[in-house]
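Have a look at these structures, which come just after this line.
Note that chain A is present in both complexes that follow, paired respectively with chain B and with chain C.
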Partner chain A sequence: MLDSVLLALIYGILQGGAYGAIALGLSVIFGVTRVTNFAHGAMLMLSTFLYYELFTRFGIDPYIGILLVTPVLYLLGMATQKFLITPLLKKERGTTQDPASLLLITLGLGYAISNLFMMIYGSDYKTIPTAASRSYLTVEIGDFLFTTQWSRVIAFLAAFIIGFALWFIINKTELGKKIRAVSQNRDAAAICGVDVYKTYAVAFGLGIAAVAVAGACLSEYYFVQPQVGTLFGTKSFLIVVLGGLGSIPGAILGGLIFGIVESVGAQFITSSASSMLTFILFMIMLFIRPSGLLGKGGKV
Partner chain B sequence: MLDVKELRAGYGDIEIVHGISLKVLDNQIVAIVGANGAGKSTFIKALMGMIPVKKGTVTFDGQDITSLDTNKICDHGITLIPEGRQLFPQMTVEENLDIGACTPTTRKDRDRKKEEMFELLPRLRERAKQMAGTLSGGEQQMVATARALMSSPKLLVMDEPSWGLAPILVTELFQTIETVRSEGTAVLIIEQNVATTLSIADWGYVFENGNVTMEGAGSELLCDEGLKKAFLGI
Partner chain C sequence: MQTRKHLRLLTLVIVVLMAATGCVPQTVAPAATEAPTQAAAATETTTTDSADVPVVKIGFVWPLTGNSATIGQQHSDGALMAIEEINANGGIKSMGGAKIEAVVYDSETSPDVGSSRVETLCTKDNVDIIVGCYNSAVTFPASEVAQRYSTPFISMGGVKNEITERGYEWVFRVNNKASYDVAEMLKGVDLCLQASPDTAAAVEADGGLTYALVYESTDWGSDNARIWKEEADKRGWTCVLDEPVTSGQSDMSAQAIKIKKANPDVINFSFYTNDAIVFTKALFANKINPRLGVWSVGGGSQDAAFYKACSPAEYEYSFVQEDWNVSMPYLYDWAAKISEDCYAKNGYYITSFFAQGWTAAKVAIAAIEAAGTNDKEAIRQALVNLDVKLEDCADSHIILTGYPEIKFDQDGQNTFSSGTIIQYQNGVQIGFSPLSAATPGYSPIIPIPDDFATRGSTSKPWGTAPEVK
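After this line comes the complex of A and B, so read on.
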């Protein structure tokens, strides 16, 4: 019993890292642009299909594919901001409230992408049989035996690598200075000469580039299928609120907690009930600490 | 240098500023005074492209800058110290100044300008690594001023810079404004300290309900009986 809980804990931590890796981009986008990107999951799914195509057509491993897919998704993120969101923001300039249309447009985009992929690929579950998905890490301590795919370990580590990269860009570079300024006070940044809309586009691009890297890691052990996006998109949203909107460590911490609750919970109740546990956790969080565990008022 | 003609602006469908014309000439200090809610800040926001201009034109150094994006207006050489300062609270004083000179052109001079600002406002040097949000009100005003000057603007617009400052700091602030002008930057200032402001201003405008009801040389306005009653309480 104790062993199985311990195993569940380890699996949960590994899966939680992957959740965190996926959620990071969403958090950064919100922290800078104040837009909840409901197309986040769809963009993750889109990236996994690109990795799938690269692998099946050219034999390119997703880890290598990152070099090709990430720039494409960066541009896709920038374009989303530039052509869909910024025009709405400009239209609403000078009125007091942020438009509900912002929320609907990313939601609509998400559906459009999912349906497009459903049309092209159907709902079959595909897998990418990469080297990392077929080699196993085994840890044996006395009676205790733990074994998992290397690709899962890499997905876990990816959370920290992506998180560090984003943290570094935001806190240690000239671009990051502008990103933080826009995040903390958009009007003040504009009067200082910062091109707010361009900065939004860059931040959106970074967030989507981050999810593309996470997508590579995910596709190394998980199904590639059009509806996968919705599943991870919803989880990312809950994770980001749990960890604190805009917070980079918060997204990772939120992901880990989610992974652990799901996995350990499933030891005691059915796994669908255990994923309900995470919703309950999310709601409790909304009541006791709406800003999330590590939130700084929604800023990056 | 700045020439605003018949400017109309507001929020959504509500018009607040009903056709205001205003000029700032080279190297002048021009004051805008008026009661709370007269539309002074709204006028400034429209001028800076933060809300749309519904009608009228804004010309700066002969170029039409009406309704440009705010950062483009800033590129033309106008910067603003907004109402309530609007610093970046979770960035250091130094980073706040850096953002003041972050375009490709202004960035080249960043280090030199920063040094200049530390000379002008020595307090900022001591506080350089401190988060702007943790500064006192007076220090925050200094950061806002320095940040706006970092890009060597031709025109500095200030919206109630003395708000919340102790009298001694207000005196220092007005000295700073005169220094800034003497170094060749024109100043457009909105102020509640009507008497002091008009005494250093070359020209002044009185706003009332979104219109200009009076304008004249600072010293003339200062002597006006109606204005004295309305603002100076004498």
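After this line comes the complex of A and C, so read on.
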């Protein structure tokens, strides 16, 4: 039993890291703009299709493809903020936080992207058979056998690399100062000469760029399909709320907790009951600590 | 002002994109939800030549988005090609060459949506007969709606026993019910034991056969597991793992650990395509090798998309209960021709799902032809009296699934439906049960070799025809 739990713990940590990597961008976007980006999963899916195209057409491995796809997704994120979110924010003039119209427009965008890809690619499940996806990390000691794709290990590590990169940009750069200022009080930041909406666009771009990097890791071991975003998008919301809205370490911690609960829980109860546990955990967190484990009231 | 214009334009683009694939949530654009998802295509293929020619409307509800989307698409492809064939050959002859119009909706793999689509077909589209909905969890409530509106409903794909066991006179099922599926698999396990007496003796020496059930937790998977357990209990087999799994997993290593610990002789799983891929990869990664194999009750393991996503090594030696006679394209020229046409049009040779969509549409058309009218009660009566034999299908091409016959019992169940148990050997589907669908010269490979290092290295691509010995 101990072997099983230990194995499940390791698998859970690996899976949780991947969840955290995907959720990071969402957390940053919310922390800065207060916008719950319901198109997050669709953006993830979009990035995986770009990696798929790069691989099938030019043989470019998704890990290398990050150099091409991330800037594109960054610009897409900026454009989304500029042409969809900012006009609504201006209309609201700051009278409400996270208005329903913002939720609906990102939700609509998510549906539109998913359906556009369904129209273009159909519903087939595609895989990117790279070297990392086909090579395994195996640890065998007596009866104890741990084996997993290297790509899952890389996805786990990516969570910390993405998290550190975002933390560095936000806390150690001039741009980060503006982002933090806008996050804390956009009106005061505006008075100090910060272009609030441009900063929002940059933050949105960063969040989407982060999910593009996570998308590369995901596409190395999971399939590429227009509805992939639904699964990971929903989980990302739960993880971000659990870890703390706007908190970078919170997103990783939330992901790890989700992964561990799912995997270890399934060793004691059925898998479907274990999936339910994560939702119960989410609800408990909403009651006892609405700002999440490492939340600072939604600020980055 | 400029910003508002941009916003309006973007909103319009979003709504058009969503409406085009029929996924507009009702709260956003209720009118668009009423647009058939493939109305344009359907209308294109079924346009009448003149206003005098009557039109017969058949409604279809398939999962075109969601977890079963690839499967639903193949059902839909089959049904629409069957209708094309009829329309191209003069339509419904008993109705003066009436053309058939297909109205296709997406169930989104959701019971609520599927039921609502059936209601729309009954009340707004006024279709003459409905075919659907693949997923048991969708078909079960959706067929109840058809019953309420006294509209003939042909269930295709849904195996939950109770779909045809509620005393509904408007509901018919062409394919297997869950108990037939399980019976075929258990018979297959028996054949494996007979084929390898040494393995049978080893199983006996270890205290009898053990099995693990791993399944998606909605109607289909749960029903299959329940019936398997009931039947296995009668044989004295021992269940060492009963594991329902919520659909939509991104990793199944946790389930693999449990299976490894339980160490069953047989694993039986029922998953739709997405979970079947993740599960199969997890089993292979963890080198799980039950001596009597991994058995799948169709679902995702019959989907061409599954075989594109998994490597031959990952599915080598696995057993699949296919919901059709896999030898049809080799046994009948007309089936081979349809398979070629399907490849030319859709990019894949016929699969179980295509064959099922085709056969269901053909059964609906045969009933209308026999009724000679689009009066629903007359069509229902024609279904009750329907009796088609495979050997008589050379011209009508009705039973592409290869069932020996289609005839409904008092519950509306086709008692002649049957599938094939196949095993992947060197990447090729080898049928071995029932005998009518067996690939000559082959027998099941039992016990499953422990050859993970080399497995799949010489496998042929999926879809390769077996070399008949």
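Rule of thumb we're sticking to: the second predicted complex is superposed on the first by the 292 of 300 C-alpha atoms of A that agree within 3 Å, B and C clash if a C-alpha of one lies under 4 Å from a C-alpha of the other, contacts with A are read in each partner's own complex, and residues count from 1 in each chain.
Operating definition for what follows: a contact is a pair of C-beta atoms (placed from the backbone, for glycine too) under 8 Å apart; a residue touches a chain by one contact, two chains touch by 3 or more.
This one's a predicted model, so the numbers in the text were calculated from it and none came from an experiment.
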When both partners are placed on the shared chain, which of chain B and chain C touches more of chain A: C
Touching partner for A:Ile161 - first (chain B), second (chain C), both, neither: neither
Partner chain(s) touched by A:Leu67 [first = chain B, second = chain C, both, neither]: neither
Chain B versus chain C as contact partner of A:Gln225, first or second or both or neither: second
Partner chain(s) touched by A:Ile191 [first = chain B, second = chain C, both, neither]: first
First (chain B), second (chain C), both or neither touched by A:Ile280: neither
Partner chain(s) touched by A:Ala131 [first = chain B, second = chain C, both, neither]: neither
Partner chain in contact with A:Glu174 - chain B first, chain C second, else both or neither: first
Chain A-touching residues of chain C, taken from the complex the two chains share: 3-4, 6-7, 10-11, 13-15, 17-18, 20-21, 23-25, 28, 64-66, 69-70, 72-73, 217, 242-246, 248-251, 253-255, 257-258, 261, 273-274, 277-278, 285-287, 305-306, 308-309, 311
Chain B contact footprint on chain A (complex, rising order): 93-96, 174, 177-178, 180-181, 184-185, 187-197, 296, 299
Of all residues in chain B, those that touch chain A in their complex: 9-12, 48-52, 69-71, 74-75, 79-80, 82, 86-91, 95, 98-103, 106, 147-148, 150-151
In the complex, chain A residues that touch chain C: 4, 7-8, 11-12, 15, 18, 83-84, 87-88, 90, 104-105, 108-109, 111-112, 114-116, 118-119, 122-127, 129, 134, 136, 145, 147-149, 152, 222-223, 225, 227, 231-232, 262-264, 266-267, 270-272, 274-276
